[in-house]
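You will see two complexes here that share chain A, one where it goes with chain B and one where it goes with chain C.
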Partner chain A sequence: MIKELEYHAAHDLKEALELAEQFGPRKRFLSGGTDMTVRLKEGLVKEDIIVDLSHVAELRFVREESGVVHVGAGATHADLSASPIVRQHGLALALAASRVGGPQIRNMGTIGGNVANASPAGDTIPALIVLDAVVSITSRTGTREVPIIDFFTGPGRSVLAAEELVTEFHFPATGPGELSAFGKLGARQAMTISTANVAFYFRIGGDRRIVEARIAFGSVAPTVVRAHKTEQMFCQLPPLLSWDAIRGAAQMAWKEVAPIDDLRATAVYRKEAVVGLLAEAAYEALASCWHER
Partner chain B sequence: MDDIHFEQIARVDAQGKACGTTAYMSDLSFPGMLYAWFVRSKYPHALVKSVDISKAMALDGVVTVLTAADVTGFNGFGIVNPDMPVICGDKVRYMGDTVALVAATTERIAEQAAALVEVEYEVLPVVDDPIEALKPDAPKVHDKGNVCLHTLITKGDVEQGLREADVVIEHEYRTPRQAHTALETESGVAVPEADGSLSMYAGSQYAFRDQLQLARILGMNPRMIHVYSNPVGGGFGGKDELTIQGGIALLAMKTGKPVKVVLSREESLVSGWKRHPFIVRIRTGFKNDGTMLANDVICYEDKGAYSSLGGPILNLALEHASSLYRVPNTRHEGWAVFTNNGVCGAFRGFGVPQVLFALESNMDEAAEKLGLDPVTIRRKNVLYQGEVSPIGHTLRTGVSMDLVLDAIEKSDLWQHREEYKKTDKPWLRRGVALSLAPQGAGLGVGIPDYGGAYIDLDRDGNFTLRIGLVEYGQGTHTGFTQMAAGLLHVHPSRVRIVAGQTEGSVDTGPATASRSTYTASNAIAAAFHDFGVKVAGALDAKYHTGADAVCEAKDGGMTTLVGFRTYEELAQEFAQESPLRGEGYFVWPTADREIPGAAGLPHWIYSFAAQAALVEVNTLTGETRLLKVATALDTGRTVNLQQVEGQIDGGVAQGEGFALFEDTLIAKGQVRTKNFSTYIIPTVQDVPEHEYIILENPEGTSAFGVRGIGEVVMVPIIPAVALAIHDATGVWVRQLPATPERLYRLLHPGL
Partner chain C sequence: MISEIRVAMKVNGTEYHVTTQTSRTLAEVLREDLGLLGTKIGCNKGECGACTVIMNGRSVTSCLVLAVQAEGAIITTIEGLAEGGKPSPLEQAFVEEGAVQCGFCTPGMVMSAEALLALNPHPSEAEIETALEGNLCRCTGYRKIVAAVQKASRGRE
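What follows is the complex of A and B.
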């Protein structure tokens, strides 16, 4: 049973910020509502006031400006999966968004909600991390910029203050010689929470070697995690497509995750599975990249 | 009646369902309607010491709260043995048990009131393992003990057969607690009528049995209870037994107001019927050439808390434990055991998927050990009409084991399996396997298996077919329409159906056991015959043509001794006061004697299908994808090809769910998988491509030669998927579902 709530719809950003300030910790934002409705039904929302952001048109955009991709917090997963800008300049994010839920969830759910929700299983989060995204957090008094990796403080927790809202994410547009991708393991092909997920970004040098790597794993620690040691291993890879070498490099991921047992999977299996997920996605991405060149 | 033409129409119910205009029983509302809430148990096993409803009653908007003492008739229901209380008075046996019922003016108030009902429990130890539950010192779920049914069927000398075998394959297999997951949860409205009768609007699979069970619960004359159960938003066996009807009936009679309930998905998954998980221990002996010599099977059926159809399901499983293979020595033993693990009941396949997963797996393992291929070993053992079954009865009706096996061998998937198995990804492995199954249709020996139908010529010259069998998505009403229209020589659009109601339709038996289309074929044919007799009688009364003058249907009317009459003309003449009605009744042929000690066995008519599956296993994660399935199915005669293919698609998806995804996890009596994010069913992204091979080997006892196909289409796919995983990876999967982690652990035994 969903409790009775006070409801306010914000019509523009200014109104949203005013409502945020007015109600502070007594309110909760609602964007697509795909997380909120589930939480409300389960009685997990302690706030009694809802501020609906879904009518705030200023939050729903994707654009590229001087080498930087800007994504509004209100952009839906469907927007991101279909966006030529995101596909070209931040493929990992488009792939991650396209694996969220099913079509209905992607039509409603937003990237802002996915990140603000701060679930360790949120699919867009590892993609944003490897793309080196920055979160713009706005209140009536101004905007602050927080690197996405510093945004999360624990499962379901973030640096977001009560009067603040997430307005956008921005990251350097990837270009030639840069590739990014996303892989997901769930209980089935769609409509599934990630048992584990992975995103990576590789910059390929002229000698076909990986000169810079960023790798992040989801659902295997209290927050999404960067895997620095594994990144090092990928930078050592020989410049030829070797399954054994890629798998060997991915093996290091074992050391960088701290999963738990839950209904979906055990910790030990998750550790093994993320290695596989990374190896598989990296092999596919490198194969197509090297093939093209 | 092979000459009857079946017009290949689109589903008669397609438009309403696609547009959302079809009114299911759960969509209905009545003036002054109240909402019910079922107060469920807090513990999986406990004595109920006291129930205090005073606080709940005091809440504004609460109209009544009922406890066990308020049950006006017999406080129990169950198709075979009414051992499930409508409201528990002294003991609860699973988390879905009802301890009180609330009716209030809104759903919200009803829920709030439910939380105010104070129940004092004395907690008892949880019985959660069927094998442990059989031990003499195990806590008892029911006073009479934990054995719901024990059955033993033997033929020949199984120990001798196993000694003589060159190879004996011996394993234990386990199967999941599958949920029906009908889109429409258990729901309905009970409406007290001015004349003291009760109308029950609740989607279910057998209105006429619901009527009797409700009469017993209410202590009322069954004639005073009118059940409307059609259309149903999905059944799969989960609405064969009563669900919420008893509770809302009591509330409606007590309050004098219509009372509605629609269970949430969570409540449905906790309280609703499930497929019985089986533990199957099986030893199968083969000669070097693949001939089966002996099969020794013992099944432990996790019955859950109450009987429902657990006994008949166990017995049907035992009937099929050696499939229809030529096995001279068999020992099929089964225990249906009460536990506190929810409740289990009828589910598409009715015990057969559980045992055939075990047997067909042993078959392939024997084939591998003996260097035979999967088709050869099966072909060597399949039975033909006239032979004796593994449980000792003679197979009198058509047996198509060889035909479906031949057809699946010729399928594109099987013929080109080596090409299909190719993949260039180093971490992927593909495999192909096949399996085949018979599925006994109908209710079996000793249970009257009956079907009636009326064909009414209405005032306007169109027809109403009155029949008991409900449409719960199978597409049967389209087939019934085609059959009636084909016999009458009218376009199907001129036949409408009234079904599944104790008032206005006739008892045609339950829409279960792959029996709807077959039963209807004979009941409709009999009704059509009687319709001709009635027309002749009417003509005779008016024109003195002679009462037995034959009337023949032709071109939208009938040729008679007084010339051709269109149905409009006949209606003008004879159907203005009341419809001109043809009545048809049919009783299933059954075996002349029962297998000793096995109620209901054997079955007389079987369905047959063979399926091949192509799977792709990701060795890095243990994920399995079912890529392609071929189905060879004997329909007897296809009434509507689209509906047959629809049954195959749905059956394969449900079988795939059983094999790869679905399981209601219960820990210490508590359901852990209460919604669709944890109870995993395949989505459209998970279901395979299909190759359909339809055989038409007429079943001689049907007026049109049709066979039931609803269940068998989900059976062979289950072992086929498990065996395809073996073909891909070399590991044998003996517990389903083969979830990614379970398979990963098989692939990496040290983990």
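What follows is the complex of A and C.
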């Protein structure tokens, strides 16, 4: 049973910002509702006022402008996985979105909700981190830009103030010689929160060496984490496609993640899993990248 | 406190105005207020797909949609597929392929398949499997359901 709520639908961004300011910490936003509705049913929402953003068309877009990809907070996972722009210029994000829940969840759930939730298991988060995304946070008084890695302050917590909403994400469009990907392990194929996930970005030099690497893991720490030492290992790989070398580099992740035992998996399982996930996804991405060139 | 709201939605071609508490889901309003009992409620938390309907052209689990969010929406439920009292070709294919056992998952399966075929009339087997990923069936083992969707696909333009 859901408690009785005061409900306000915002029809455009201006109205959303006014409602956010008016109700401040007494309200909670609703976008796709895939998380909120479940929480409401479980009695986990302390706020009594809902401000519905799902009718705000201005928040739902994907576009590329002078080498930067802009994704509206209201873009759904289905929008992102089907977007030619995201597929071409930020593949990790398209792949992450395509692995969220099942089709119905992807049709409703938004990237804004996924990030605002600040769950360590949120699938789009590692993808946004390796793409070096910036979050646009807007209130009635203006917009501030926060690098995605600085957005999270703990599990379920972020820098978002009560009168602010997430309006968009933007990141440099990946081009030739750059690749990104996402891999996920769950108990079932679909419809499940990750027991572990990984995203990475590599820039490949003319000599086939990785000259820049960003790697992020989800579900293995209180927040999604970047794996700087593992990135360095990948930058030291020889310029040939070797499973053993890639697997060896991925092994560094064992040291960089701090998973816990929980209902979904044990810590040791998760550590082994992230190494395997990263090695497999990286091998596959590098193989297809070299094949093309 | 505005906890009762009037919502206008078009369901299976008919315009409805319902006054509902903000605490109710679309699944509840479809079943209890509109009497459309074909939409089932199984898990009631987005995991089984039994409550799947098509909202504005996309499959959604109606147990996760607050009824108030459906303002202005165009919705198709399982009851909206039959034409002139006859089952739709997709429903007919489910019957012919033996894709129904206890039947609890069937309305949701059919709606997910309908949403797929509307966007992609000739999906591959893998595309059918992906489209049905959000629908659980405890009885059939899924093969016959996929076969039914393939059969309906062959009959489409």
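We take it that the second predicted complex is superposed on the first by the 293 of 293 C-alpha atoms of A that agree within 3 Å, B and C clash if a C-alpha of one lies under 4 Å from a C-alpha of the other, contacts with A are read in each partner's own complex, and residues count from 1 in each chain.
The definition used in the following text is that contacts are C-beta pairs under 8 Å (C-beta built on N, C-alpha and C of every residue); 3 or more make two chains touch, one makes a residue touch a chain.
Note that this is a predicted model, so its numbers are computed, not measured.
S.K.: Which term applies to chain B and chain C once both are placed on chain A by superposition, clash or fit?
M.R.: clash
S.K.: Touching A:174 in the superposition: chain B (first), chain C (second), both, neither?
M.R.: A:174: touches no partner chain.
S.K.: Between chain B (first) and chain C (second), which, if any, makes contact with A:124: first, second, both or neither?
M.R.: A:124 contacts neither chain B nor chain C.
S.K.: So, A:33: does it touch chain B (first), chain C (second), both, or neither?
M.R.: A:33 sits against chain C, while chain B stays out of touch.
S.K.: Would you check which partner chain A:107 touches, where first means chain B only, second means chain C only, and both and neither mean what they say?
M.R.: Touch status of A:107: second partner only.
S.K.: Go through the superposed model and pick first if A:185 touches only chain B, second if only chain C, both, or neither.
M.R.: First partner only, chain B.
S.K.: Which holds for A:1: it touches chain B only (first), chain C only (second), both, or neither?
M.R.: A:1 contacts both chain B and chain C.
S.K.: Applying the touch criterion given at the start, work out whether A:52 contacts chain B, chain C, both or neither, answering first, second, both or neither.
M.R.: A:52: touches chain C, not chain B.
S.K.: Examine A:81 and indicate which partner it touches, taking first as chain B and second as chain C; both and neither are also allowed.
M.R.: In the superposition, A:81 contacts neither chain B nor chain C.
S.K.: Which of 4-12, 58-66 or 94-102 in chain C clashes with chain B after superposition?
M.R.: 94-102
S.K.: Taking the contacts chain A makes with chain B in one complex and with chain C in the other, which residues are shared?
M.R.: Shared contact residues on chain A (touching chain B in one complex, chain C in the other): 1, 102, 189-191.
S.K.: Which of the residues in chain A end up touching chain B in this complex?
M.R.: Those residues of chain A that touch chain B are 1, 102, 185, 187-193, 195, 243, 263-266, 268-269, 272-273, 275-277, 279-280, 283.
S.K.: Mind listing the chain A positions that touch chain C in their complex?
M.R.: 1-9, 30, 33-34, 37-38, 40-41, 50, 52, 54-55, 78, 101-105, 107-108, 189-191
S.K.: For a test of understanding, state which residues of chain C touch chain A in their complex under the given definition.
M.R.: Of all residues in chain C, those touching chain A are 1-3, 5, 21-25, 44-47, 49, 52, 58-61, 63-66, 68-69, 71-72, 112, 115, 130-131, 133-135.
S.K.: Provide the residue numbers of chain B that touch chain A in the complex, in ascending order.
M.R.: 108, 111-112, 425-427, 618-623, 625, 661, 665, 672-673, 676-678, 680, 682-686, 739-741, 744-745, 748, 751
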